[in-house]
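Chain naming follows the written order as A, B, C and D, and within any one chain the residues start at number 1.
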Amino acid sequence: MRAARRTLLALTLVIALAVVPLAGCSSTDGGESTDNGTDEAKEPYRIGAVLSMTGTYAGLGEPEKNALEMEVARINEDGGVNGHPIEIIYEDDATDADTAVAATSRLIDKEGVLAIIGATGTGGTMAMRGEINRAGIPQISPAGGTVITGDFDPLVFQTPWSNSLVVPYTLDYIAEQGISKIGIIADSGGFGADGLAVLEANLADAGLEAVATEAFNAGDTDMSAQLTKIQGAGAEAVVMWTAGKEASIIATNMKDLGMTIPLYGSHGNARVEFIEGAGAAAEGFRFAAGKILIPEAYGDTTEAYQVALDFIDRYSAEYGKAPDTFAGHAYDALHITVNAMSTLDEDFTAAELRDAIEATTGFVGIGGTFTYGADDHNGMTADDLVMYEVKDGTWVLAE
Amino acid sequence: MISSTGLFQGRHGKTVDTPELLQFALAGLKNGSIYALVALGFTIVYASTGVLNFAQGEFVMLGGMLSVWAYSTLGLPLPLAGLLGVLLTGLVGVIFELLAIRPRKDGDPLALIIITVGGSMLLSSLARHLFGPTEKALPRFSEGSVNIFGASLERQSLWIFGIAAVAVVLLTFMYSYTRLGKAMRACAIDRNAARLVGIEPRMMVTLSFGLAAILGGLAGLATTPLTQTAFNVGPSFGVKGFAAAILGGLGNPFAAVLGGLTLGLLESMSVAFISSTYKDAISLIILLLVLFVRPQGLFGGSSRQKV
Amino acid sequence: MSLLEVREVTRRFGGLTAVDNVSFNVPEGEICAVIGPNGAGKSTLFNCLTGFDSPDAGTVTFAGRELVGMRPDRVVRAGVARTFQNTQLFEEMSARENVMVGCHAKTRAGFVSTALRLPWTVKEERLAAEDADRLLRLVGLEEWRDAPAADMPHGLRRLLEIARALATQPHLMLLDEPAAGLNNSETEALAHALYRIRDHGATLVVVEHDMGLVMEVSDQIVVLDRGCKIAEGPPRLIQKDPEVIRAYLGEEDPEDV
Amino acid sequence: MSGRSLNISRFLTVRAAIVAVLLLVVAVLPLFVTGTDARYVLKVLTFVGINVLIVTGLALLFGYAGQVSLGHAAFYGLGAYASAYVTATLGMPWFVGLAAAIAVTALGGLALAVPSLRLRGHYLAMATLGFGEIMRIVFVEASSITGGPDGFSGIPLPSLGSFVFATPQSIYWLVWGVAALAIMISYNIVSGRPGRSMRALHGSELGAMASGVDLVGLKVRVFVISAVFAGVAGSLYAATVGFVSPSTFTFHFSVVLVAMAVLGGTRSLAGPAAAAILLTLVSFPDIVLPGLSRDILAVVQDWEVDIYALVIILVVLFLPEGIAGAGRRVLGLLRRGVVEPSGSDSGTGQRGDEA
């Protein structure tokens, strides 16, 4: 029967086309395998990494993976940990909670990892928690949501500055500038909503009043309506909380509206793409973040300065561009885990690893100096932050 | 916590003066003109196939991405880079039609819609492979703003208004007065009848995809200087454009533009008088109410159903 | 009392009055034909009688019940079935299934009872299938029972639609141009089917262009022209009515029909 | 049904045998998944089962009644949040959460279906899309109930009485059991009176009305049933994953669900289920090809969306009637080849009710 034969043909075609990319790439990418320590007799320590290589957060997952790959290679060249090489097994969660759960399950059950770094986003990080708890292994997240450590779980650590750290620092700084009325604009996604909640909780302590609170969504193309409202409410400064590309739209909208009041942002805006997108409108924009952007902020005699400089140099050499903060968060997650491993006997358990990570004290990383504790799995203080300002198309330390 | 925003604004609410109102209106029209451009793209493909092209948002993305590529990577001057970006987008539209739409011979609208859904995923993913995951910027065609009775509008937005205005006039002219335009419409209504009177419907469909892609590319080129672009911006453009096309009423370029502007104004007025948190929800609820009362959209005639 | 009483029904579309103040009665057990030139408003009238359209003015009383404002499916449940000028069959479904859909009004298995496959629903299905087979035999389509409607020749499709309408067990059937596109022998068969249907107890209203058929089968004829009723009466009188000849038959010679 | 000719009843036996074998395979599959990654494999297969359940509802709505919904992710989410709230926040048993999910999605379906009755085609698609987006905004903003953008965590596992579905096997059986039940219910519906009216509605609305089919009631009921299926799936999802966040219930997911239904083919339940299995597994290639090396896997993950999109496009292009159409042809071949070599095409009388 001809029709049936055509059906079969089509099915075959579908399968064939679905397989072609696999076959085609397996030969070209073969050199990318991770077994560097070929002459190592010892089993590698396996760490899982659930990163968003595709989907909405693909732009964040990429530098994170870059940093991890670079650092693992270096650690292994230096002889690994306790004589064991480190092996990272990467999973792409496609910025999707379900995929993150399945990936975690695969890492735990199929790969038998000792710890998991991830996920890139707060949503994925939270979704993984069930699997993490079932397996009882530690999770170190490079995602920034306050909820990650705010909704405390003994197994879950995080490396970025949380909003609960950055917000009070930023508000205090604004108050010091003699400003009393601010307008807030935040995205409706995880980072913005979280930031907004922390902002509203800390306004009174900083002696500030929010005269307008506006929201926008990822993908919005113009925020001048919200900004007009902020302007009309008599705000003396705009505080923006978002990590998306809409940040540069807000900056340019303000300039186009002729708004001269200062714009403050967050560590979510510490990306060159923001300056590129906002152009001249980015001038004078201020935000608080860790000291990685300008290592001199540490003071050039400190260990932190050396660590940061070293990372920046090697990353720039390897990837042709300076690392952003996300690369730094991944760096910290890996090194905190590896450091904890190095304090343990060779065949430690997951529970011991967790305890060792929690015992991290004064670890000098990229994001800051980490000291975890039984009820603090974020580990940083306001001392790790510094205020930046955009001048002549680049970051400088705000005076 | 965010849900208290509405009350919060109410406390601080003050009367809106005229320049401010005008500014809100301009903000709405700015967004609205972008929605209108996307909606026009929907209209073109709909007019010749009866299909909503879910890949329309990706054409907008590609227009921006390819222009950025031509500008930054090839180092072409902006006008040339833009031209190349838009033409390449048009080419993508034509290739997409030839490879993925034309082989489905019966032209079943639902099947074609699902193909455009697949095409949308594919184009955005390919853009990520080619251009990477981060957002890209493009300089404005014209810097600065103009002052309109105390309200301010960036010159770049005038370009978007201009493109939308020219496009709607050209399309209306084409559909009403040229043989080509009439032919394009004819084949959505009845492919066989179109063939009988000497129109090659397949050619018309290819053309309409190319035209829609060019228009989408123009939209992407014109908006990228304001909004930046990234591989994943397509769907949000698509959804807004779809909403605008439906709000206006499918099939008529003027209705599409009016739908886009109305949607933009609804959103900015929601921000002005109700809450920016719920601006999308409010405009969607209004859209639904409009549909429940006028199932053919605000400005759509019901004449098509009778054909 | 008449089974169907149409009183002063008017339907306007914009400036056009498609049906203008039309009244007539259909007594039980008769075959009534509605004729008129194209655009006379016959199909609009049919739509107004069956709930597919609602008149701007006037009443339609069927067995003492007002039909205006009733949804089409309720009209069917009240005992009025219809067919369409362009047959509205379910192309992908078999002839038997098409007729079984017609049984819808007389069966009651709902989502829940069907989902649970309650015994009475199974029995109901069987009875409906038997009913459908019986009706297919009545219109002479038993051989086509399992064929999709799309595969049936044009003439038979009209018969299938009639069988489907019969399955609703109507007291009144409205047939919209049942003979359109039929050849002579098929028309002959149709006429016999109409008699059989009437003898089974259904009253018939037929919109038809085939004058031979109309004159043969109808007890009474209503003539519409541009929305207005211009004549009403038995075939032999209508054939002679000068108004009908002028308005409807135009320059044609009335002796031809 | 009686009065069917011999070859059809034998054909039905073939089909019944196939269904029985498939059921058996699905039921015993967990017993053969025993590797170190059994938990992972079962978790993925559980996701597959959940998607099969939602798509079955869409198959009823779209494939039989011809109604499009671009908002089914919202019903999935409504069910998930309702169930999560009742079990985690209120501390009630899972069964109550499931009931709440059913009630909430039935109401939501009703609220959308009734005003949408006049809408057709693209306009109906837009209305359902709008509903989906509005619900997503509600999921994000009603943070005191839903946990906002950060999500809702700490949802207890499904349980019946004192039995907790704690092992991946038991969860698999629960989800697939419910999915099989849904398919069975749907099969009964489509092969009985309501299904016939739905197909009639799909074929010709005028004809259906003239046959006494209550279109309003029918459309609303199908919509509600299909919403409830998604809601039940949501309840299962929330309880088995333990975490719910708005990023799961997106327009994109709604579109993927419709794509599954279309790929499966109209007037079929098996086709859409097969499409749901196929498309869900595209994201987890190592389940299908266990020997895949990690490097290849990474490449596949990088190209996952592209593969996914290509599968959608190619299936729609080359299998015009979807997987169901292809399946029917294969079954037709089987019937002719095995049962009745000289058979004609006359056995299509019941071709509407594929299982």
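Some observations on this one:
The definition used in the following text is that a residue touches a chain if its C-beta (ideal position, glycine included) is under 8 Å from a C-beta of that chain, and two chains touch if they have at least 3 such contacts.
A quick note: this is a predicted structure, and the numbers were derived from the prediction, not measured.
Listed by label, the chains that touch chain A and also chain D are B. When you average the Cα atoms of each chain and compare centres, the chain farthest from chain D turns out to be C.
Per-chain CA centroids place chain A at a distance of 33 Å from chain B. Taking the mean of the C-alpha atoms as each chain's centre, chain B and chain C sit 48 Å apart. In whole angstrom, the spacing between the mean C-alpha positions of chain A and chain C is 71. Multi-chain contact residues of chain A (touching two or more other chains) are listed as 54, 188, 193.
In chain B, the residues that reach two or more other chains under the touch definition are 1-2, 125, 235, 277, 280.
For chain D, residues touching at least two other chains, in rising order: 137, 141, 143, 148, 302-303, 305-306, 310, 318. In summary, the structure contains touching chain pairs A-B, A-D, B-D, C-D. Residue ranges on chain A touching chain B, taken from their complex, read 54-56, 58-59, 61-62, 188, 193, 196-197, 200, 210-222, 224-226, 228-229, 232-233, 245-246, 248-249, 252, 256-258, 273, 276-277, 279.
Those residues of chain D lying in contact with chain B across their complex are 68, 115-116, 118-123, 125-127, 129-131, 133-134, 137-138, 141-144, 148, 251-252, 255, 258-259, 262-263, 302-303, 305-306, 308-310, 312-313, 316-318, 320.
Those residues of chain A that touch chain D in the complex are listed here as 1, 3-4, 6-7, 9-11, 13-14, 17-18, 21-22, 25-26, 29-30, 32-33, 53-54, 89-92, 94-99, 101-102, 105-106, 108-110, 112, 122-123, 126-127, 129-130, 145, 147, 151, 188-190, 193-194. Across the complex, chain A is touched by residues 1-2, 5, 8-9, 12, 14, 16-17, 20, 23-24, 26-28, 30-31, 34, 125, 128, 132-137, 139, 145, 152-154, 223, 226-228, 230-233, 235-237, 267-268, 271-272, 275-277, 279-280 of chain B.
Residues 1-3, 5, 185-186, 188-189, 192-197, 199-200, 202-204, 206-216, 221, 225, 267, 346-352 of chain D touch chain C in their complex.
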